[in-house]
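Attaching a single structure in structure tokens format; questions to follow.
Here the chain labels run A, B, C and D in written order, and each chain numbers its own residues starting at 1.
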Amino acid sequence: MIKGWKELPIGGVIIEPGSSEKYDTGEWRAWRPVFDSSKCVHCMMCWIFCPDSSILVKEEKMVGIDYDHCKGCGICAHECPTNALEMKPEYLFREED
Amino acid sequence: MIEIRWHARGGQGAVTASKILASAVIEEGKYAQSNPDYGAERSGAPLRAYNRVSEKPITLHCMVLNPDIVVIVDPTLLKAVPFLEGTDENAILVINTDKTPNEIREKYKIEGRKIYTVDATKIAMEELKRSLMNIPMLGALIKVLNGLVDIKTVEEDIKKTFGKKVSENVLSANIRALYRAYEEVKGE
Amino acid sequence: MRPELIKEVTYVPYSGNMAAAEAMRQINPDVVAAYPITPQTELMQCFADFVANGLVDSEYIPVESEHSAMSACVGAAAAGSRAMTATAGPGLAYMWEVLGIASGMRLPIVMTVVNRALSAPINIHGDQSDMMGARDQGWIMLFSENAEEQYDNLIQVIRIAEDERTRLPVMIGMDGFVISHAIERVRLLPDKAVEEFVGELKPMYSLLDVDNPVAHGAVAMTDSYMEFKRQQREAMMNAYKVIREVGKAFEEAFGKKYEHIEAYKTEDADYILVVTGSAAGTAKYVVDKLREEKGIKVGIIKIRTFRPFPYYDVMDAIEASNCKAIGILDRAETFGGASGPLFEEVATAQHLRRKYYPMTGFIYGLGGRDTNVHHIEEAIDKVMKLAAGEEVPLVNYLNLKE
Amino acid sequence: MAQIKTAEIKVPPLKKLTNYPEKLVPGHRLCAGCGASIIIRQMYMVASALGYELIIANATGCVEVCTTIYPYNAWKSPWIHNAFENAAATISGAEAAYKALKRKGKLPTDKKVKFVALGGDGGTYDIGFQSLSGALERGHDFIYVCYDNEAYMNTGIQRSSATPKYANTTTQPVGSESFGKPQTKKWMPEVVAAHGIPYVAQVAPSHWKDFMEKFKKALLTEGPSFINAFSVCPRGWRSKEEEGILVTKLAVETNYWPLFEVENGKWRITYRPKNPKPLEEFLKLQGRFKHLFKPENKHLIDELQAEVDRRWERLNRMENLTREE
């Protein structure tokens, strides 16, 4: 993953902005926010309070969750005024090996 | 190389005089050092400053131990400090005093060495109206250095050093004091 | 536009501090962040005067501490600007944490260190404990013998620091008071020539490049930290070449030679003293005196570059002489070490060549203690005894009250 | 001091803000439910909407450690970390470089850039206090944002001068002889305001409109601004992750964390709870105050309530004292 010392940019500089998107924090999740778009009024309360920039918005409409990164804190569901988001145990969704 | 040691009290301008001497010598294309002996002393405390003057580059970076010339800016220091320290019989003393070289020799029982005196305090009081004896003592020293550095160069350097900081009157009083001491200094 | 002050080579009566400030004026860095400390204060005041009179275009930050001085330099250098500062003794000690950050982030900051003793007891005078204490913080380190060398070195190190092969910060030491406050003859170069010599900084990964945002000072875990440290070693090895190249360029431009070391009358020397800083000048005087008066053949190796340490240059000079014994003068202690830090380096140099000479160390000049002609003579006398097979201690003190 | 003309510049409505790209992207490793990243996202929402690029100097701390673990970078704007105690000095240098290079014509002139120093309460109230004070006094053009989570959370909940009285921390734990931290919280905004800088504000991300209005003012302020942001730490406070915004709201509604600003020396409370809730409601959601709810410790809660009331009163007095006649 990390290259040898001759290949790395000097000084520990990270030259790629936003490279953390490649790092999945979705694995951390024990609870999953499940989105019911029929109940959503697109008030954006979930979006403005999400600590992980994981509420997906398109053309000013809430469209879903970035499950690669959502850590499942549950703030979105807690702050949702219309119950369009509900926290469910993650194991219900994980494929079994 | 000529080594010079200045004895003065803090606030009397000896460090400035030693810097002006070095500057003037360097202006003339020769080599010089001016090195104050810094401590934590404040105004009034005895202090020493040093000069080295030479036709050739100077690489020494230590205190002057065996001065060829000792300049005593404040006459009260004659009793207070060992001004002969490190000097030999050939050393030259340039002393601010109203006494003659002979009187000084007898009073302080100085053997050998050549003594010059000048009443720099009187010159300072008359010209500068203050007991700032550094510039007159520099004038006397230039005379004793006997052509090693031109007093005109020193005059220019004083103008450069003081020019921005003091009034025209004070500056010209300093220049007068410089020349008066240069003329009035007496040797044995 | 700032005025051109010096149009041709000029000789001036300057203190070391004034010479360093003058070099900074001519270099005209983008940012200067500094905190006054004896004996550096005069330097900072001179530079502040240039700022106050429009003689530099620099942004000047009168910070509230040395820690912030170096921190601001890191911010400024990461922002792609040329950043400079100056400090002394305890100020350098206070910067210590950020010194390693500056070098680890590969920022070409340039700093004058007016060498001063460290407390306690508190002492404002010259010794090299400050820089020697910071000697493994990844900075290129030079020592100047006198005011003119400090001036010349400052002009050279801008290029050394900013070279793409190095990109390392540089500190240059001059002894406190003895050099910083003494007036000497200094040769100044024309403003234009200096400007041309130092050239323009090529920013790398500038923080101000908002179109290509980068992150400086990231966390490197166990999987990458060591690689970055290895890069720093490489940069320091490159610096060895770059310092020499820039020294040659300086000689071509201005006719004065600068090498990693100055070997003074070592070719035929039976005895060699290794020394750095202002005492090298006094030692040269003693060498001439002893040769003239007593026919004793002594030579001096003056260390100009301390990091990267010029092991091969030192050994080349020793091996080319008739050396029978070496004395190493250290203006810093290594409590619990064999002798001083310079002693250790010279011992390493010998090991690298598998050539061993009798050597003895001298601790001198701590806290501004005067080291005069007699003391250097005393050291040479001990080295001669060592060469004659007599027993001489590993560490000796010059001008110490026993 | 220059009056800040902010009325005509408006923060767009919430929905419009969603059109700007995120500058703090996911994949950072802050805890689930962290308040700090909410604060940073809200900062960027305003900055992006008003066309500002932020250049960030981040003090060592949770945000710094979690957002730039090599080679992962959660930032899409220029970012620098130097050390724990020197974010303000670092931004001083960067801002000075910007001025110098701009003056020398070495930078594009069409960009709106704002320098931001970002630190937790450790890097701000404590170890970074000197460098912050220096940078404020020198008047650099920057915003200092403190995400105050009331202890050294990065290293495991050690007390800071921002830790409230009687909170349980690992360096002043609750024990048979201890109720937790015996000292009261340093009131940082007042200390900062004493520097006479143009703009100081206290914010909470739960009250995001108030937050954005204040961050807008800071952006438009020439010279230093200071923003003290309430930053929930579920792990350190032992509160529920999903209740982070609730806890934050209660901090405001109980007057524990009043929302106010000091603009050119004038103090103004920007939000007045209609019926302030008892402090207890804020405390009871957090495990760090659990010991206070033993019956025999009721007097401690009363004491804390009295302190909140005293500070609220003082804030009102400051407002009256500095109100324009």
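Rule of thumb we're sticking to: contacts are C-beta pairs under 8 Å (C-beta built on N, C-alpha and C of every residue); 3 or more make two chains touch, one makes a residue touch a chain.
Just so you know, these numbers come straight off a predicted model, no measurement behind them.
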For which chain is the distance between its Cα centroid and the global protein Cα centroid smallest?
-> C
Express in whole angstrom the distance between the two chain centres, defined as the mean CA positions of chain A and chain C.
-> 52
Separation of the C-alpha centres, chain C versus chain D, in whole Å, is 43
Taking each chain's centre as the mean of its CA atoms, how far is chain A from chain D in angstrom?
-> 24
CA centroid of chain A to CA centroid of chain B, Å = 80
Chain D residues counted as touching two or more neighbouring chains = 68-71, 73, 75-77
Pull out every residue in chain B that's touching 2 or more other chains.
-> none
Quick one: which residues in chain A touch 2 or more of the other chains?
-> 2, 12, 14, 17
Between which chains does touch occur?
-> A-C, A-D, B-C, C-D
In the complex formed with chain B, which residues of chain C make contact?
-> 11-13, 39, 124-125, 145-146, 175, 177-179, 181-185, 278-279, 281-282, 284-285, 370-374
Which residues of chain A touch chain C in the complex?
-> 1-5, 8-15, 17
Can you list the chain C residues touching chain A in their complex?
-> 104-107, 167, 204-205, 212-218, 220, 223-224, 226-228, 230-231, 234-235
Within their complex, chain B touches chain C through residues 19, 22-23, 25-27, 29, 31-36, 38, 40, 57-63, 65
Chain C-facing residues of chain D, complex | 53, 55, 57, 64-65, 68-71, 73, 75-83, 85-86, 88-101, 103-104, 107, 111, 113, 130-131, 133-135, 137-138
